[in-house]
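What follows is a pair of complexes built around subunit A, which joins subunit B in one and subunit C in the other.
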Partner chain A sequence: MSAALSLRRRGPSGRLTPYGLIAPGVTILILLFAVPAAYNIWLSLHDVTPYDALGDGQFVGAGNFRSVLKNPLTLSSLKNTVLWLTLVTVAIRLVLGLGIALLLQASVLRRLRLVGLTRTLVLIPWMIPPTVAVAAWRWLLDGQAGLLNQLLMRFGLIDQGVPFLGQTSTVWWCIVAIISWRELPFVIIVLMAGLQAIPHDQYEAAAIDGAGRLRSLLYVTLPNLRPVLGVVALMITINSFNNFVYVWLTTGGGPGTYTQVLATQLFSAAFVDNQLGSGAAIGLLMSACMVVFSLVYLGVLQRRARA
Partner chain B sequence: MRRIVLAVATAVLAVPLALAGCGGSGGGSSDGTVRLAFRQFDPPTEIGGLQAVVKAWNDKHPDIQVKLETLTGPDSAQQFAREANSGSGPDVVQIANVNVKDLAKPKILKSLDEFAGKTPPETPLDQYLALDLAKFDDKTWALPWTVDTFALAYRPELLAAAGLKPPTTWDELAGAATKLSDAKAKRSGFCFTGASGPGSGQWFPINYYLWSHGQTLVTKDGDRWKVGVTQEALQSEIDWFNNLFASGATAKSMIAVESLTDPQLVDGLAKGTCAMTLMAPQTFRKAKAADPTLKTAPVPDGLKDGATHLGGRMLGINAATDHPDQAWEFLKYLNSAEAFTKIAQYPAATTVLTKMKVPAGEEGYQQQLPHAKTFGRYISGPVPVTTLTKITNAQFGAVYSGQTDSHTAAANIISQITSELESR
Partner chain C sequence: MTADVLRRRRLRARTGDAVVLAAVAVVLAAMVFPFAWMVLTSFRPAGEMFDLNQILPQHLTLDGFRGLFASSAFGRYVVNSAIVALVAMVVSVFVSCLTGYAFSRFEFRGKRVFMVLVIAVHLFPFVILITPLYLFFSELHLLNTYQGLIIAYVALTLPFATYLMMGYFDTVPKGLDEAARIDGCSTLGVLFRVVFPIAWPGVATVAINSFVMSWEEYLFAKVLMTDDRMKTVQVGLSNFFGEFTTQWDLVMCASVVASVPTIVLFAVAQRRLVSGLATGSVKE
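The block that comes next holds the complex of A and B.
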């Protein structure tokens, strides 16, 4: 007897059972995701300030989107978001993350019983809240009393403190360093899990075939890691693209507007200019960018997997 | 099955009801005691006097007990708005002068005119400083509480050694700063916050310079608002500030300093790595605690009417409070001469201010305060002060960092403010 036939025989209450069972989950999803998303769409179509009551606001249609797209800052924010905040930091994290994950798999660490210690040490930056991490880095990079400047002056390399966060030649590299340092452990941990899942006999077979360490890496490790790398890259790309904390707390988008990214522009529009609608419009444009990116990226991954 | 559906429905309904039950402001208790919540946003290190005042009130009024809440951060007004709009939040709230209009517009504050008519405060309402910022739609929405301005804080022995007196014009300040700077001693002649963010303190000296040269960012022309500064004047001002970095009068490291209470300014003045800077009274007191020889003088042109700003705090009553009369009584007490014997700030109530003994070294504030004028010149306009701050700081900072030149930055400021004026 099929399950459907069984439910039909139980009558109306039986047919309602599945709905009753999924109702709590669906309700939570609606409350936590669908309602805020719908409210965000509503905000993007209205002129609202953070001081207005829920539901207050004047309908402006696509006006907020037009003003955001006409703003010359949007293009430079998009460039900074894509290039510096996303591409550079993701590339650095993937390369360093893979390198460190491979090093942590080294047999010498197991022999010396240092596996637990090294893994704990690697996790430390990730355990520190981003606000604390940024505060510590700001102190380190301070133009006068910062540790880095003090060291450079002590070794006679500079006469006067360098405002690392106040000059265009250094500020993005400082932000990249902060993000890479704080977010690297996540990549390492996930890649280590991926490395541990690679069957050891594949390495033995490669060794019998005469493959050295480099060839084993290229023809055994990396192909096996590809799905994990793909998922990690997608996750950290979306996370970086939407990130607000690091840039805002480090530079506030400055010097000038040099480090302004879409997330800081969103915050600035919503809570500095008091235009929640413009902020919501920027948020929706960011979401649209990430949806398109994710669909293309996953499509490419699937095609490669099929091939 | 019915039981399951019923349980789920009950749970779904109970969550919002329970959350709604979390709201509500203030409260009473079974013993008849009224409990008020008073929220302020100054740093905990600066509220010792206020805590003593609240304690004194609670000791005197066992039937009206006040709980002091602290919520620091630049968005404390927005947080209050979110709570008050949903019928909750503190009964009495401290508000920065610039935010009163934002909170009065959606009517989440109580109008105070009726209370002041029934039981007037110690100082008559029309004798408060900054009262223009408490008004909206011909009603009074907050009671001015404390006032401040930025005076020139300096190290007298360094100026004396260089044969200088506190500068009284901006050109004198630039000259004195160059003379006082010393690369070997790692000393800047004049320190100021040069960061580009919307919270950067350079907003104040930028406006002081502008106002003392007869300019203003926006101005009312009949019924409409327009940009009140020429591109040439703005460019010349940007060059003046940028030259401080170029001449070495201000250390380049200041380009990244945002907070007016940054150690580079406070410790810098106290330890001698800054010869002069601009400071609010509270910040000056911190530096003075480390070095009692420090002094203040009016900022350049600070004795000209309207060349400096009159900042401060106000007190408002949440429109959703259950105890408005008790909240008003508490608000009056906070503004009394008795309270200001404990609160180490300048009172907005003029009758209390004139009787106050000014602490040694703070003569600069005392001389400048009567000439300072509120940001009402911007607040009454359509563009939020925060937006003006954001635009101005970003463009000045862009020049300091070499991102752009002063000509382009001045043009950008004017075009962005024009665009804001047209769109609002």
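The block that comes next holds the complex of A and C.
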């Protein structure tokens, strides 16, 4: 701060001004991202509990990695993270998000002056905190008093409440529904912005060439939307892969360890079992997955750019 | 003949409209219903909770909310969250102003590298760093303090705030800076007396976004604030859902309270926030 203040004029010393301006932000980010990331590597090689002071702990070499990789839970967490938490929810959000974004562009909504209303209502899930979204859904899905069970019982479809979150056949679909519901509006608004940026004359040209709705969707809308779709897919993939809060608050990883994902396994290892070293090792495995994913993504982008 | 074709075409357009409207209605119902059911539950008299004959309650009551604040420390959690999110917001706006202004106005060695680093951190998953951060905060005696969580939230909100701020500063003409500079303004003077007031709506958007991010955060709050008196709203709320028995009326009241600030802020800033976030993602 005082450094920036003293560099009042652009002059020989004024060249330092931009560095003075970015110094506070960059310092905070280095201290809270880069330093912990480096320390995480040290941590993963040691046996540390939350009660140890900084720097204490027995060196165990690859011991934490060995025990994490030997643990059969890790493989199922990895599978759950990649398949359920990421692939399924990302696919559902992209497909539904695109469909709804197209739907909300319909001209009849403009004619009936419903654009503002529909856009506000569709954002509601995104306006409430994730914790609240989980609470609202857990109440709907409650095994006894939840509305869904009450309705099913009233129509005579079941005799007893179904513990949707307590049985393996339904629990993942419930989590997928919660995540998709809460995170869908983000995809919708970004895709709508992308749709509005498509030049109108391209549609007119397609119409003159005799293209119907389906063809103009396939040959005008989707190619124009591809970069936006790519960015959205990348962002929500990274966010989902590392997401902790939805699984943790919906099931805590249960029933048993059936819905455990890497983020909840990391948390449980570090703060329930008090093995910070194991938690750090899981964190590094997650980082490795992210690096592989980014490299694949960059590779695809580059191949596309060259083609 | 032509009249017939026209009539048929009009009929088809009208059925098309009806189908679209029906589909929109279904989508909106699905997006709104869980929220609406939560709000309805929170205002429902305790005796009617499980009575399906009264989907719409006969009368509404605030008893649930009174009970919530009387029987738990939820009021305290609200105050904790408000303090932490507000201070983090102010610091984050100030720091991101400086950084965003430098990126928007200056050319300097390493600018691209710094820019990419600051913005890429936005996508970096914090959960991976929770173990080392816990030990750092413990060592610095920052566990169970406002300062600790505030620092964490400044770091959490800073990358995206900087990115947005940069975009807003780019829309302020550079000629203004130079005019002010000729009048003898320092760099910080130009930033805070000239550019900041013009970019003000953008700054407000950044502030609201930072506040909402901190208010909604769960993981840091859970790990860094373990003392019951220091818990935040999200952690306090999550502690209400029990493993086997849950007092859902209480949970729904707490949920409504936890969503009021985010909904109000969204309502105030919806258009700007949405366009800022959307164009941010489209441009990237």
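Everything below uses one rule, namely that the second predicted complex is superposed on the first by the 280 of 307 C-alpha atoms of A that agree within 3 Å, B and C clash if a C-alpha of one lies under 4 Å from a C-alpha of the other, contacts with A are read in each partner's own complex, and residues count from 1 in each chain.
Keep this in mind: contacts are C-beta pairs under 8 Å (C-beta built on N, C-alpha and C of every residue); 3 or more make two chains touch, one makes a residue touch a chain.
No experiment lies behind these values; they were computed from the predicted model shown.
Of the two partner chains, neither subunit B nor subunit C is touched by A:F155. In the superposition on chain A, A:P163 makes contact with subunit B only, not with subunit C.
Residue contacts after overlaying the shared chain place A:A53 against subunit B and subunit C alike. Contacts of A:I238 after superposition: subunit C is touched, whereas subunit B is not reached.
By the touch criterion stated above, A:D142 is placed in contact with subunit B and with subunit C alike. In the superposition on chain A, contact of A:V272 is made with subunit B only, not with subunit C.
In the superposition on chain A, A:Y258 makes contact with subunit B only, not with subunit C.
In the superposition on chain A, the chain among subunit B and subunit C reaching more residues of subunit A is C. Contacts of subunit A with subunit B, set against its contacts with subunit C after fitting on chain A, overlap at residues 17, 21, 24, 50, 52-54, 142, 145, 271. On the side of subunit B, the complex with subunit A involves touching residues 1-2, 4-5, 8, 11-12, 75, 77-78, 81-82, 85-86, 102-103, 105-106, 108, 183, 186, 194-200, 251-258, 263-264, 273, 384, 386-387, 389-390, 393-395, 397-404, 423. Within the complex formed with subunit A, the residues of subunit C that make contact are 16-17, 20-21, 23-24, 27-28, 30-32, 34-35, 37-38, 41, 49-50, 52, 95-96, 98-99, 101-103, 105-106, 108, 111, 114, 117-118, 121, 123-125, 127-136, 138-139, 151-152, 154-155, 158-159, 162, 181, 186-188, 215-216, 218-219, 223, 234, 237-238, 240-241, 246, 248, 251-252, 254-255, 258-259, 262-263, 266, 270, 274-275, 277-279, 281-282, 284. Partner subunit C is touched in their complex by these residues of subunit A: 4-5, 7-8, 10, 15, 17-19, 21-22, 24-26, 28-29, 31-33, 35-37, 39-40, 43, 48, 50, 52-54, 100, 103-104, 106, 108-109, 112, 114, 118, 120-125, 127-140, 142, 145, 147, 150-151, 154, 181, 184-186, 189-190, 192-194, 197, 228, 231-232, 235, 238-239, 241-245, 249, 263, 266-267, 270-271, 276, 279-280, 283-284, 286-287, 290.
Only residues 13-14, 16-17, 20-21, 23-24, 27, 49-54, 56, 67, 142-145, 149, 159-168, 171, 251-258, 268, 271-274 of subunit A touch subunit B when the two sit together in their complex.
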